[in-house]
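There are structures below to look over.
Consider the two complexes below, in which chain A is the common component and chain B and chain C are the respective partners.
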Partner chain A sequence: MIKLINSDARWIRWLTFAASILLGAAIWEFAGRNANPVFMAPLIGDADTPGAARSLIGFIGDGQFRDAFLSSIKLFATGFLLALVIAVPLGIVLARLVLLRVALESYILMLYVTPMVALIPFVLSILGFGFWPKVLVVVLFAFFPILYNTLEGARSVKHELLEVAGSFRASEWSIWRDILIPYTLPFALTGIRQATGRALVGMIAAEFFLSTSGLGEVIMIASRTPDMANMLAAILLIAGLGVILMRGAQALEQKYSAWRGVDG
Partner chain B sequence: MSTQANAAADRAVMSRLWNAIPWSDVRVKLIAGLIILVAWQVGVAAFAPRFVAKPLGIAAAFPAVITDADFLAAVVSTLGAVLKGLLIAVVGGVIVGISMGRVKFFDRMLNFYVNGLYAMPMVAVLPLLAIWFGYESDARLATIVFAAFFSIAMNARDGARSVPPEYLEVCKAYRAKRRYIWFDITLYSSLPYLVAGLRLASGRALVGAVIAEFFVSLEGVGMYILAHARSFQHNEAVIGVLALAAFGLFVEGAMNWVMRRFLPWARRG
Partner chain C sequence: MNNATVNGQPRIVVSGAGKRYGALQVFQGVDFEVGERDVLTIIGPSGCGKTTLLRCIDGLIPLTEGGITMDGEPITAPREGVAMVFQHFGLFPWKTVFQNVAYGLKLAGASRAEIDEKVPGFINLVGLSGFEDYYPYQISGGMQQRCGVARALAVEPRVLLMDEPFGAVDAQTREILQFEMLRIWEARPTTMVFVTHAIDEAVLMGDRVMVLKGRPSSVHEVIEVDLPRPRDRSTLLHPRFAELREHVWSTLMKEAKEAEFKV
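Moving on, here comes the complex of A and B:
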């Protein structure tokens, strides 16, 4: 019996996966129906206690929710792309200018390990409310993982390659195209994967603690009522967003991971 | 004449001190740090409002803050919660992760949830945890555990899956007791992964602790920063951030040391 359950047959794998989803849903449903509705809402529910699934379907037709969703996406995308556009070129420049890299890397490590949430109060009291302070929060969350990992790649660039390129009088452009970018790209992608997760945290944190907006506001409103069905539905949606973004970044990272030198 | 001689003597002492710094790398770093601090001081003094933190202001506030009982209590409260949460997350995460790595049934049952909750930004569940655990320190502990648990479980799973199959075959051939297989082989060879997971988890746990303090207004370093930033005492608030950064650097250093000292057989990467 145990052998059968642990076997690699395709139907067993699918069956266990389906069982795991069903079991999870059943536990949620059971807890939601029996707990105090202030604490928990069921997944599907009935007429008296509407569930998260119905809220989720309700969101689709709700124009206000659509606006909130789009504003969150806009915040995430703006902040993330800004961080990307600044951090990756900076990382590669540091690969080229060894002195600058040595000078700055300790400080970059320090900022990389600093929890950026701690800077939110400063952003709030210096820049106030509005869209761009929130973008700054997302940038702060996403910037240092990308820069730190790109720098790691920069350190892995073989000095011999640059020397050979120099002695053959390679142009600066071809040094970048053929040595620096291929060497640092896989590392930068690791940073980008880390940054997607962190930027998502930054997005929600900015929406909670600066001017409330977007999906963060949806959760906040639901937590005040408290409307657990809406809240769980919004959390479910954010989790889905997280998984999709993470998977995308992972796929991209894996695609270029072969470029990482075996001995690098 | 004598002042000139004095200046020359001073310069000689300075250059000897300077030459005593062993590596040129360190010199470069120190100069860069100095340039950053000067640029910060001058830039903020020139362009920013007066309450924005400046290096000299931070240095002036430093002795008072570091001996302030409130600040110390805040640090103890936050770090204590982080360590407690990490402990819970490590124990739970290792058990769940290693079972997932070794038993395919558990893996298939739990992987969907562990992966999904790992990818979810933990801030999103903060209001939920605050409702469940009350607006008090339990909510912070729950946030820390939630933030740390899944990265440890995922890494423990990867570690348990990476056990070289030859080891397990040898165990089987010699009919090793089950507890040897679990503890001496599986757990031991997944240690490097656990260290990597713990490094990731402690960063996330710190973020979780600070966010939870913001959200439920709990005494701690996060609240210390928030309260002082709100009342425009930015110099004091920055010292709170420095305390968090110091903890982050300490963890980073400790993990590197553990890897070098105890797990030198683990290949890097």
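Moving on, here comes the complex of A and C:
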């Protein structure tokens, strides 16, 4: 029995995966059909109680929804990329400049563990309601996991390799190119993977608490109507987006850490 | 450069060299010279500072007393024409064998064409042909150090610094690499300073064996190795080899015993 549970045969794994998804969907369907429609909608549903799946399909032809979706993606991408291009180089710089790191380390750790939602009222009162305050919220969510992981990676660079670079009279730039960047990349990508999830949280939080927009607004409106099928469809979409981003980051992480070999 | 003879003018001159880390004086009053085609092996007990001394010659770390000159110029930083082979190999794990060997050339500003022309020759010289596209984790320790040797040779150095290069490979591989290194040196003789803790290796590789001893350590004895070159496996059977080996052994072991019982 234990042997079967731990089987690594591919088809058994796929079967287990499929069964788990089907069971989850069935539980959702059952709960949706039997609960008060104010609180819950089924996945598929029927003519009387429309399900989340139908809402999802409905979204495709809905221009208003498409605008909301694109607005969310724009917010997410802007904030996430900003966090990325600042946090990765900063992480490596901090690893190279010991005193700067010592000076900033405690702040970085503090902000890394601070729930960023707590800072939203602060952002709101200082910067107001526009697009860029919302971007700032996404940046705040995504920035610190990337910075923290990059920094931890860059400072663990093997001293031996820096010694080799010194012996071959490497310039600072070539030390970055040949050692710091390739060595740090897998660590940075771990941070980036964590940051994709966090940035999605930031995106929705910003859309809830600053001026409502995008998928956050879709969820807000659906919950007030109440249109639980629409709301669950939007949530499902965001979850799907998160899974795709996470998987993408994971694939990159594996690709760029191949050099670690078997003990990597 | 005038009057260059076979033995050569002194290329490296170390005078009154000392290194101190805080309260710990590692070595002191070290004087020696290495000629243009000289191979000097440095041997001594663990912690005698032989590796530190080699790093000072490379210009990676500064001395605290005395000075080192190379071709008459004082060493303040790593110089062109000097290459080091490390005990830890120091290969870049994300670079292939080819890219690792090309590293020094690339830093020296060699063009792509120049790299493509030169690198295969050095890969071949160390016997790694066919493994150009392998990553370090895919090859054995001995092959990794062959790659490290090729990387150092590729910049065509006038001075080769060997930091216990075969100390991290198994005994058989070590022997193979020693004879390979002798062959390579015969093909392209350079000034070589070779740090080791293996007595056989010190005698086999060196024109002279310098024994560092004491705390702080200093040059205890320099033993001329009057074994004919080219050297190969048959050198090990030379009666003179056994005598020299014995000589170094007794010098070193006396020191080792003293060190072991002096806490």
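Assume the second predicted complex is superposed on the first by the 231 of 264 C-alpha atoms of A that agree within 3 Å, B and C clash if a C-alpha of one lies under 4 Å from a C-alpha of the other, contacts with A are read in each partner's own complex, and residues count from 1 in each chain.
Just so we're on the same page, contacts are C-beta pairs under 8 Å (C-beta built on N, C-alpha and C of every residue); 3 or more make two chains touch, one makes a residue touch a chain.
For clarity, every value in this text was computed on a predicted model and none was experimentally measured.
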Contacts of A:Trp259 with chain B and chain C, given as first, second, both or neither: second
Partner chain(s) touched by A:Asp178 [first = chain B, second = chain C, both, neither]: second
First (chain B), second (chain C), both or neither touched by A:Phe168: second
Partner chain(s) touched by A:Glu160 [first = chain B, second = chain C, both, neither]: second
Partner chain(s) touched by A:Trp11 [first = chain B, second = chain C, both, neither]: neither
Touching partner for A:Met246 - first (chain B), second (chain C), both, neither: first
Chain touching more of chain A, residue-wise (chain B, chain C): B
Overlap of chain C and chain B interfaces on chain A (superposed complexes): none
Sites on chain A touched by chain C in the complex: 160-161, 163-164, 166-171, 174, 178-179, 182-183, 258-263
In the complex with chain B, residue positions of chain A that touch it: 2, 5-6, 8, 13, 16-17, 19-21, 23-24, 38-39, 99, 102-104, 106-107, 109-111, 113-122, 124-126, 197, 200-201, 203-205, 208-209, 215, 219-220, 222-223, 226, 231-232, 234-235, 238-239, 242-243, 245-247
Touching residues on chain B, where the partner in the complex is chain A: 25, 28-29, 31-33, 36, 48-49, 51-53, 103-105, 108-110, 112-113, 115-117, 119-128, 130-132, 203, 206-207, 210-211, 214-215, 221-222, 225-226, 229-230, 232, 234, 237, 240-241, 244-245, 248-249, 251-252
Residue numbers on chain C that touch chain A, as the complex places them: 58, 60, 77-80, 82-84, 86, 88, 90, 92-95, 103-104, 107, 135-138, 155
